[in-house]
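Notes follow once the structure below has been shown.
Labels A, B and C are assigned to the chains in the order they are written; within every chain, residues are numbered from 1.
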Amino acid sequence: MTVLLELRGVDAAYGATAVLRSVTIEVPEGGMVALLGANGAGKTTTLRAICNMGVRVRGEIRFAGQRIDGQSTESIARRGIGHVPEGRGTFLSLTVEENLRLGSYLRRDRGVAGDLLRVFGYFPVLKKRLHQQAGTLSGGEQQMLAIGRALMSRPRLLLLDEPSFGLAPILVQEIFRILKVINQEERMSILLVEQNARLALDLVGQVFLLETGQVVASGPPQQIAADESVRRAYLGQ
Amino acid sequence: MSTVGEAATTTAGTANGAITGTTTGTRRLGGRWLGVLALLVIALVLPFLLSGYRIFQLTQITVYAVAILGLNLLTGFSGQISLGNGAFSAVGAYASSILMIKLGLPYWATPPLAGALCFVAGYLFGHPAARLEGLYLALATFALSIVMPQVLKLDTLEPWTGGTQGVYVTKPVSLLPELISDDQWLYFFCLAVAIVMFVVAWNIVRGRTGRALVALRDHPIGAGAMGIDTVSYKSVAFGVSAMYTGIAGSLGALVAGFISPDSFTYLLSIQFLVGGVVGGIASIFGTLVGAVFIELVPDLANKISESAPWAIYGVLLIVCMMMMPWGAAGLVHSARAWLARRSTRRTRS
Amino acid sequence: MQAFLHQLLSGLAMGSTYASVALALVMIFKATHQVNFAQGELAMFSTYVAFRLVGAGVPYWAAFVITLGFSFIAGIAIERLLMRRIQYASPLTAVIVFIGLLVIFNSMAGWIFSATTQVFPSPFEGPHAWYGTIYLSPHEVGMIGMTLVVLTIVFLFFRFTRLGLAMRAAAENPQSSRLVGIRVGWMLALGWGLASALGAVAGMMAAPKLGLEPNMMGGVILYGFAAALLGGIDNPWGAPIGGFIVGVLENLAGAYLVGSHLKQTLALALIVAVLVFKPSGLFGRTVVVRV
């Protein structure tokens, strides 16, 4: 199994404030990985470091074998990384359709129309609200739109920052089910940052646990879930 | 441009710490008082070392400093941008001349009266203007500075304003003609007024009003929630700013010896803004730098190129802003912070 | 009645210039949250370029297109070389930079070209001008027509092209735009280029009426700014509407109320009065901020 995304000994800081220390993470090709941890552990910072969004990075970040640390956000996106950021990053004043079209901004191939249909298949509500202003959508719908937009770029790696945030449990389950389908049917690798550890553990094949900017545990979900101290500290059991 | 407030906050943070009330330790404070003393000594001695035109420029700098201080109090501390302070300068200047010519008042009585009048005018303008934010307020104040010369040229006001031709103002005469020339006397008068205005500004900024204004600038909604009457404070801020600019105007009339509507075009308001920003918009120290800049740099530009001096001026403005985005005060603060970091590093190792 | 209509329509003609300038200002504002106060001087400078081209024998419309290209490139250059470096500074710093630019262009125009007023040609006058009426001179008809055509092209571009969508996205949410691969910096530069070209059109349309001299656009930029605010500084539809309103307002004020000396004063006073009652402009969105 080849490694698609690799962080090796990554330090990250906002200005003078160090957030991540010597973080090492791997996402295998076609795999699904969760990044868990308490609030403030540095999970979002990790995703932002990968995409070079306002974070100062030291260390190596490799995507498909090539170093991407230090490159501009847009060129990292062009390499095939789709990022659904914290807060969804929806273009609120644009329509649902325009948001999705922006997702496929880089693509010139003929598969765009087909992918749009597939996104409608996952999230039928987007088709219903196609010409509505994105800002008028509910939180859950905006989350679906954000994921749909990321899917429209047909990324090799999908980064998701707390997709469950602020959503009703039934909606969260639906979204997670769809993520599983996407991973299996479209062979898209996924790196998921979540506070909702329980759901994530059911979904993924590998877990990395962050505590105050450092990776303190990693392994298959069953192993992490079985670890007594980890369960107490992070999984609330 | 509702982020004028953010700009001022950053400059205030990067400018003299005392403005925002942060204590910097007795050693630093001592250093600051030393600096003020040095400035005072220089200010007192300079007129005896210079002559003629240079003294005029020095006096002009003092006057500009008061005007820019007025702008800084408004824009830097209460976060309201004004491109119309030139208009209040005109009110102060004309009020002064009318008081002297029509009512026969001595020159030294006119600045306080002109200041009081301008305070009222500023308050009255600021009250409705308090509803406007950022760019909208900029337009409203800019409109004021465009309108003022037109109003001053109106025929109906001519008996008071002298219309397009303007008014001559008698220059003050030295009371100690053997020791101090007329020019030097005028300079010392302006300097005295300026020192008083600076002390007053210092006290405003450090007192309750100052804190309320800063709260207003940084968190208008929170300030309102704490019971600060936003409109009142904003109007007062305008009034104070107008008062300062009006006093500067009245002094300026004495210095120039002549005023006309065309002395108070929108260019004057823009010059005040340039001085304020170049010096550092939320800094009292910055006003001096700004005043020196707007008085001396146009001459410098003229020396560099006689055919297109304003082009040189524009280039200098841009270069200044790129090198000192937070104004001179910001630069000083950054330098001090850098020095502080270096010295702590040394003591640690 | 006839005189009134004449003043009204004439006001629309000048208003078309204000409309173009206002739209140019709003375009740059939406992308950068800054108002390009130097827009007028840049337009004036471009108009001088056109003037020189025509004077050198280049046919009018060829000179027009070349001038558009010149101002487009100049706008991009200013953004890439200058504005990009100060994007993190305070808005007041940016204002001073704009003042600097304004002063540079004004001064350079006087120095390179001339300070005396020149007559700028109009492509709409002449024996072929069937469209002149008693209310509007042929050039005024052309001004309004050209502005409407240009505005339509601009709106179609932003609404229906991929690039226009990318520019709108970059203006609204630069971070998300980068995440979909848009080169936000170049989108801003493009916005500057388009705005400058728009300003050049305004300049070339207004010059025959105002007379070409370095201070030609001084009043125009003021009205353009006022119009943009009147329409709501973040509203690209409001800006041109505001421009036409201001044009008519100015003309009517001058013709019926106070005469040409004071019409600027009155127009500004009225606009400010409107703003006091509608602090975000006629069509502006009052932004609800969550604390």
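By our rule, a contact is a pair of C-beta atoms (placed from the backbone, for glycine too) under 8 Å apart; a residue touches a chain by one contact, two chains touch by 3 or more.
Computed from a predicted structure; not experimentally measured.
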- Query: Chain by chain, through touching neighbours only, how many steps does the shortest route from subunit A to subunit C take?
  - Reply: 1
- Query: Which chain is in the middle, if each chain's centre is the mean of its C-alpha atoms?
  - Reply: C
- Roughly how many whole angstrom separate the Cα centroids of subunit A and subunit C? 43
- Message: So the centre of each chain is just the mean of its C-alpha atoms; given that, what is the distance between subunit B and subunit C in Å?
- Response: 32
- Rounded to the nearest whole Å, what is the centre-to-centre distance of subunit A and subunit B, using the mean of the C-alpha atoms as each centre? 52
- Query: Which residues does subunit C have that touch at least 2 chains other than itself?
  - Reply: none
- So which bits of subunit A are touching at least two other chains? none
- Message: With touch defined as at the start, can you tell me which subunit C residues reach subunit A in the complex?
- Response: 162, 165-166, 168-169, 172-173, 175-184
- Given the complex with subunit C, which residues does subunit A contribute to the contact? 51, 53, 72-74, 77-78, 82-83, 85, 89-94, 98, 101-103, 105-106, 149, 153
- Note on the structure: In the complex, subunit C touches subunit B at residues 33, 35, 82, 85-86, 88-93, 95-97, 99-104, 106-108, 110-111, 222, 225-226, 229, 233, 261-262, 264-265, 268-269, 271-272, 275-276, 279-281, 289, 291
- Task: State the interface residues of subunit B toward subunit C in the complex, per the touch definition above.
- Result: 1, 3-4, 6-8, 10-11, 75, 81, 128-129, 131-133, 135-136, 139-140, 142-143, 146-147, 150-151, 221-222, 270, 273-274, 277-278, 281, 307-311, 313-318, 320-322, 325-326
